[in-house]
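Just passing along the structure, written as structure tokens.
All chains are identified by letter, namely A, B, C, D, E and F, in their written order; residue positions are counted from 1 within each chain.
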């Protein structure tokens, strides 16, 4: 960790659309990306629903902000942790989720998946390792 | 049921203080009492916490609106149904609750308890018997 | 049928306002009468004309105001809930000695009796909240 | 210690604002520095000077404004969240072509970068929400 | 005297749907809207609650299913998918509504 | 590297406290504030979760207990009662905080 760089973890635990927290959390993540800190995103509990692909908000009449998740790689956000137990409880698998990718500058800019499905115990470790936890 | 009189049920399912719903529900009940409809109150789930006596909000700094519950009898509100299963889950008994009373005009204005602890099944029947359900 | 609608949450933060709006549009399309739409709790925040949502998103206050104008709807904002949350019309501004007001067109401020009256007058009352 | 505080819910509706206020007072009494208090989501609604709570209840906006004046606190309202919800100052009023503004004394409107900066600069960040 | 119960909370976050099902009676309908539509997703733990409820009809709002990427093939059998017009029809067809907030 | 977990939801309404306890680690502290103080009431079903959590310390905010009529005699053993100043001390004593919203 470079001097002056903090590890920021954005914790997403709420479903999208029913409330605005998912959308406004993303707005913080995008602004935060400009600050050159070490950034990770965590999705657990109902937060995993934020990554389920195939949104169509036209009948509801609200903004479809799903493309913003896909753009996270362009903001150099490459660490997206998704809790396995949360997926399983909800009958979801990784195949239900958006494909989020980033280009790895240490590997000749190869395109790689940003999503890492982790166990509950690993998620607890990730939380413990970070310096600042912004929860939504 | 007299002509033009509807049976109103106010359903309270949320704990007090954490959110404003308990307080603003009471404001509706007090205004509604002036309309000469048939009024009942239901307390279930975390709503039963609204009737736990002994509030002291001075350290928190918010308004203590517990006396308003005690005044419900003065507004001719005499039917307050509390769900037994909700009390039991929370380790509460009727002894933990406020004493709510009304004066029975059909019994020489004798002071009687407004609180009736009912089973979940009875609560479902009460809901079914009412015409308008205002939930908070 | 005569319908009453209650909106208990503010715009954008909860979906309740969107659901209520879409429900109201569908009810009107089916020929039902909407007796009144009552805004309570944070629902009063739907009525501020000062909101400026992003251009690629819906403008919830304008949607309500336009629907009210088109169908001559009665949009009532609870006065007690509105006072706590800083929603006022010109009358209230003067009465409370404030220097600004923010009520959007098509809304009016009135008492909780309007909610009870909707319960009495309507064939069905539908509540949208959190 | 240098503390940052985030308030994510509006006044009265959720207890978050009361808890954050009481926490801030206690932190100042213990001699800690409050680097910034950031209002996000519905938290921006704490900053309207148009609220008129019942006389027997606390006035949450005034409590924040007075605390800010007494201790020279930096109360920052997120501009994006505020626009959606109808909270604006005179600058924003002009920029958005609105005819009124409602920001209370002691609050200022700024961007989300102020929240990130608080996360970077503070020894601890404490979030109050729903 | 049938009732339309309206539920809008995710069954994975709150006990609201469970409480509703504990009070719904034979002939009643439970309409899932907003985040409650997740209850109708096949394979999820909450789907069992829908299968276990006897004598109660279920419906889910199409706009909310679509917004969340839940295709009709993912929905628990026996749950009707309705649009806002269908929501209005359910309100009319039942004697009263109760919103479980 | 201990963490202060702050929980503000009733354990009877949402699964927030349960999720927090699933992620809290040995040496961490869980502070119950607002409606979460109901978790610390003796005799309630949620009190078992507190007893079952190993290696985690619990505290509850006095202002929220008093506002809800929960006397100190009703609180699960081993749960510390702290005022707002004690809340500040817990924030300082731990390396970071996580609010479970």
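Here, a residue touches a chain if its C-beta (ideal position, glycine included) is under 8 Å from a C-beta of that chain, and two chains touch if they have at least 3 such contacts.
Note that the coordinates shown come from a computational prediction; the quantities given were computed from them, not determined experimentally.
Of all chains in the assembly, those touching subunit C and also subunit E are A, B.
By number of C-beta pairs in contact, A-E leads when B-D and A-E are compared. Averaging Cα atoms per chain gives one point for each, and the point farthest from that of subunit A is the centre of B. With centres taken as mean Cα positions, subunit F sits 26 Å from subunit D.
The centroid of the Cα atoms in subunit C and the matching centroid in subunit F are 38 Å apart. One simple way to say how far apart two chains are is to compare their mean CA positions; for subunit A and subunit D this gives 27 Å.
Of all residues in subunit C, those that touch two or more other chains are 12-13, 15, 22, 41, 54, 80, 125, 127, 129. Shown for subunit E are the residues that touch two or more other chains, namely 8, 12-13, 15, 34-35, 63-64, 83, 96-97, 99, 101.
Of all residues in subunit B, those touching 2 or more other chains are 14, 17-21, 45, 60-62, 132, 135, listed in ascending order. Across the assembly, chains come into contact as A-C, A-D, A-E, A-F, B-C, B-D, B-E, B-F, C-D, C-E, D-F, E-F.
Looking at the complex, you find that subunit D touches subunit A at residues 6, 40-41, 80-81, 111-113, 115-117, 119-120, 125, 127, 129. Contact residues of subunit F toward subunit E in the complex are 12-15.
Contact residues on subunit C toward subunit D in their complex (touch as defined above): 10-13, 41-42, 45, 48-54, 61, 80, 83-88, 92, 96, 98, 100-102. Those residues of subunit B that touch subunit D in the complex are listed here as 17-20, 60-63. Interface residues of subunit F facing subunit A in the complex, by the touch rule stated above, are 1, 3, 15, 19, 22-25, 96-101.
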